[in-house]
Amino acid sequence: MTLDLTVKIGNLLLKNPVMPASGCFGYGEEYAAFYDLSCLGAIVVTGTTAEPRPGNPPARLVETPGGMLNAIGLQNPGVEAACEKIRRLQPYKTPVIVNVAGNTVEEYLQVIKVLEREETVAAYEINISCPNVKAGGMAFGTEPGTAAKLVAALRPATSKTLIVKLSPNVTDIVAVAKAVETAGADAVSLINTLLGMAIDVEQRRPVLANLTGGLSGPAVKPVALRMVWQVSAAVNIPVIGMGGISNAEDAVSFLLAGASAVAIGAANFRNPTVCPEVIAGIKDYLLRHGFQSVREITGLARTEEEKRRRAK
Amino acid sequence: MTLDLTVKIGNLLLKNPVMPASGCFGYGEEYAAFYDLSCLGAIVVTGTTAEPRPGNPPARLVETPGGMLNAIGLQNPGVEAACEKIRRLQPYKTPVIVNVAGNTVEEYLQVIKVLEREETVAAYEINISCPNVKAGGMAFGTEPGTAAKLVAALRPATSKTLIVKLSPNVTDIVAVAKAVETAGADAVSLINTLLGMAIDVEQRRPVLANLTGGLSGPAVKPVALRMVWQVSAAVNIPVIGMGGISNAEDAVSFLLAGASAVAIGAANFRNPTVCPEVIAGIKDYLLRHGFQSVREITGLARTEEEKRRRAK
Amino acid sequence: MQKKKMEILEHEQLADDIFRLKLAGDIGARPGQFVQVGVASTLEPFLNRPFSVHNCTESSLTLLYRVVGRGTRLLAQRPKGAILSVVGPLGNGFPRTKKRQAVLVAGGIGVAPLYYLLHTLRAEGKDVSFLYGTKTAAEIVLENEFRSLVQEFHLTTEDGSAGKQGFVTELLPQVLAEKQADIFACGPSAMLRAVAKIATQMDLTCFVSLEAEMACGVGACLGCVVTGADGNYRRVCTDGPVFAAGEVFSFDS
Amino acid sequence: MQKKKMEILEHEQLADDIFRLKLAGDIGARPGQFVQVGVASTLEPFLNRPFSVHNCTESSLTLLYRVVGRGTRLLAQRPKGAILSVVGPLGNGFPRTKKRQAVLVAGGIGVAPLYYLLHTLRAEGKDVSFLYGTKTAAEIVLENEFRSLVQEFHLTTEDGSAGKQGFVTELLPQVLAEKQADIFACGPSAMLRAVAKIATQMDLTCFVSLEAEMACGVGACLGCVVTGADGNYRRVCTDGPVFAAGEVFSFDS
């Protein structure tokens, strides 16, 4: 029996549903030392802005129970220099998704304009949810109207796949998801980090220089899974699920909840070979349960639940 | 040197700033087997409604990385039967705070009306943030206007201390906190649980019968701490901080972030003597750092941070 | 009811995935009660794990457990000399009954609390019949000790690799037929239901020990409820874990 | 650079809170490189912990670490025979330099990587002076081995309980005065700064090995940056952990 792991996200056909999460995989080269990146469904590179950004001062990270806070602050070399790094990913023949960030609609547009020239770039993940920069970022992601306006402005600028990355720091993530769907997004990805904080009790000060940071890792998985469940029920575009995935079982639970693909962030730091291990584990799960395509399990927990409820 | 552990919350003078979190301590009797409850700053009893509630069907709980999800669904014997249980706490001579829940303003009012007759009841914690019941609960807590209306309606019904328990499942918790302050709350407590979910991949269904549940435990601590930091900077009433506290260091970090007192929830399940251990540990911290009153450290991380920023 | 730090005195594997853990100290438990054990000092896994008291003396507490997931896997790695945090004794335990004969029905790891009950009943001079069913021979523990202690012993395995092939409940009617006995059962929910049904049909007193996911173990969180025969919820940790069969199972008859 | 499961061959306490851990397998590291170690299989603590390579052969990797918090406390509990997940070798390592003389300055647990460097330099036939400072005598490790290997050995403790009382940097100018040496230092940040300052004043080449909280250890997360002398950020994990002193310290002169 051949197993079909392919999934479609907008125009992209991914050979499997597993990709690293933005900001956790640099521009790919670091993890190329551990395995052949061409095994990945896609390569998602770090948040990229129009101009180079130095990022926040240290300390930028702190471990928390079952996770970590980061306040990198979108350090990146700017889109022009990023292009060079991205080109180096071309030999892997794997779709490259560039995470795009900015403070204004114009900045987002500018990044896309430059990346449009790059053949290696297959899709954009529009980051409207970075909690670690002052202006912009999360500001776009917390209000459905603002999010929709941004997406509507970007949509005409490209025919490449447009993924919008949602913030979990909202009362109603479904409203934001629907708004960006209507505005032309091909897919949504969620969740970005939860806004959090740590305090050093001996020094009596926030641990992070930025005071607050973004929480990720296994600790946030239940929140992420709930949001994927809610959003995938409400939109007709594919959902890329992430937040706390650290093994195949976690990944499968996101697919069952309604995700078409998954991204793995902080777990790469703990286990640099987590992505290929998750791919293998998903295969294993499908075989063990007699599925022929990974697409069969997207949303299966919900459809089966609905069946049960109707049967009652 | 004598150490002053007392704190004031509205009209209440607590002998120390440590109390159990509502729903995690029943009506107190269970933990009386482990230690003398009179050591607590206050006793907070479970969410109480006008009528008896059976709660949600099982499964009601599931462990998650560094925490747990619960979907108890406010099981309680109703306010009349609760009164009897509450009276049994009288010998401890410790303020009893009753967590009040309802689906409508009238239901909240009805609970308070009955409890007004009870001398043992020192304060109300108005639960506008329970994620596990269909109507009401969290609905009141996600919109500042609705929250304020509820509090304004309850305020005239009592001269006892009115604490409002805030939901973390919002874009802007500060707005809700300010709204309930203006409406007459004597204090706010935060955070209630984060809405989350778990999926059983073998059975391909949500683990909880209620589908979603409330996340608590160490996993949520960074989010809770950030919200306490933000809210305590914005309101002039005391903040009771909670969310993931499992030892004295955690408790101190909430005080430093701006909480006047702290509540301990899920950690009681792991360690039934956590509350007295945290009280001892706070004392120890104060002594070690030469503080004379626990009130000196409320918000100290912020005031020191502001000093540093101004000095720059 | 107390929280205790207890040292591991012995920790041995008795069968496939089944370990016996002996801890130093007296917890003062009755048969059918349980303890909550902190399986690791790390914050993940977060919750304690409930285990029946397998034996209890003035100087030691013994548990018998099967490795089924994260927590039990971590527990199995704790070496002799390690200190565990133990909360207990918890729950109601098996009630004392008057009949001189008792039939104990153990399914799989459900054998854990029945060992302690068996010893207690024998010390009280009662006649005990012991029915023990497992999936396969590789899971059987303490068979010789059981045989030596009881009046009647029956073993079944689902795959027939030891004892009689089939479910332990298939033997139950004939074992009961010959005597005037109370029934005490612990095992998977489906087995308990079958035992309860037979007991109801034969109008015999039957106690079952249930399991549920637990958080507090002391009745405070209301997380461990099961639906009773009357439709009301019962806490397994404090209303149980031992229930009269009729309280938690109902049969349309 | 690889992820390896490595078995604990030896695990012994050498001094107050200081442990030496020997793992089976070849990681192929140069002096000054480090590894990321999974201290527990549980999801808390979540991140790996970075430790310098204390020694490295074709069959083993040795770490020397101080227990300072949760992760190292858990690590210290792992028994012989346990399997650890190790990622490495990471970082740049100490550069090879041309001078025939080297001065190594170790502060506290900073001694860990300098042991490996010392062995390598001696194998290359270089003259090594070793300055070793700790807070108190109870923290000193491997003193005899150091003495036997080096041309010149100086010990200081802050409390005077062994060696000369004071900071190790107080001895440095006079040790350097007599020779033409490159400096290699590892220890607390304040000490490294003091060493760097002396080196700058004397116009000598100096390399310092830095620490920072790390997540990935491979340059991907940008979490471990320090501010360089030019105001730009540098990743400790891949741009370092070894830096030319002037790259990370600046002195208004």
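Every chain is named by a letter (A, B, C and D) in the order it is written, and numbering of its residues begins at 1.
Everything below uses one rule, namely that contacts are C-beta pairs under 8 Å (C-beta built on N, C-alpha and C of every residue); 3 or more make two chains touch, one makes a residue touch a chain.
Since the structure is predicted, the reported quantities are computational estimates derived from the model, not experimental observations.
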Ask   = Among the chains, which has its CA centre at the largest distance from chain A's?
value = C
Key: Between chain D and chain A, distance of the C-alpha-averaged centres to the nearest whole Å   = 37
Message = Using Cα averages as centroids, what's the distance between chain C and chain D in whole Å?
response = 53
Note = chain A to chain C, mean C-alpha position gap in Å, rounds to 46
Message = Residues touching two or more other chains, restricted to chain B: which are they?
response = 64-67, 217-218
Request  = Please list all residues of chain C that touch 2 or more other chains.
outcome  = 43-45
Overall pattern in which the protein chains touch one another (line/ring/star/complete/other) = complete
Of chain A, residues touching chain D in the complex = 23-26, 30-31, 33-34, 46, 54-55, 57-68, 70, 72, 75, 217-219, 246, 266, 268-273
Key: Interface residues, chain A side, partner chain C - complex   = 65-66, 218
Task = Using the touch rule from the top, collect the residues of chain A that touch chain B in their complex.
result = 64-67, 69, 142-143, 169-171, 194-199, 201, 204-206, 211-213, 215, 217-223, 225-226, 229, 244, 249, 252-253, 256-257, 285, 297, 300-301, 304-305, 308
Note = As the complex stands, chain D meets chain A at residues 1-3, 38, 43-48, 85, 87, 212-227, 232-233, 238
Query = Which of the residues in chain C come into contact with chain A in the complex?
reply = 43-44
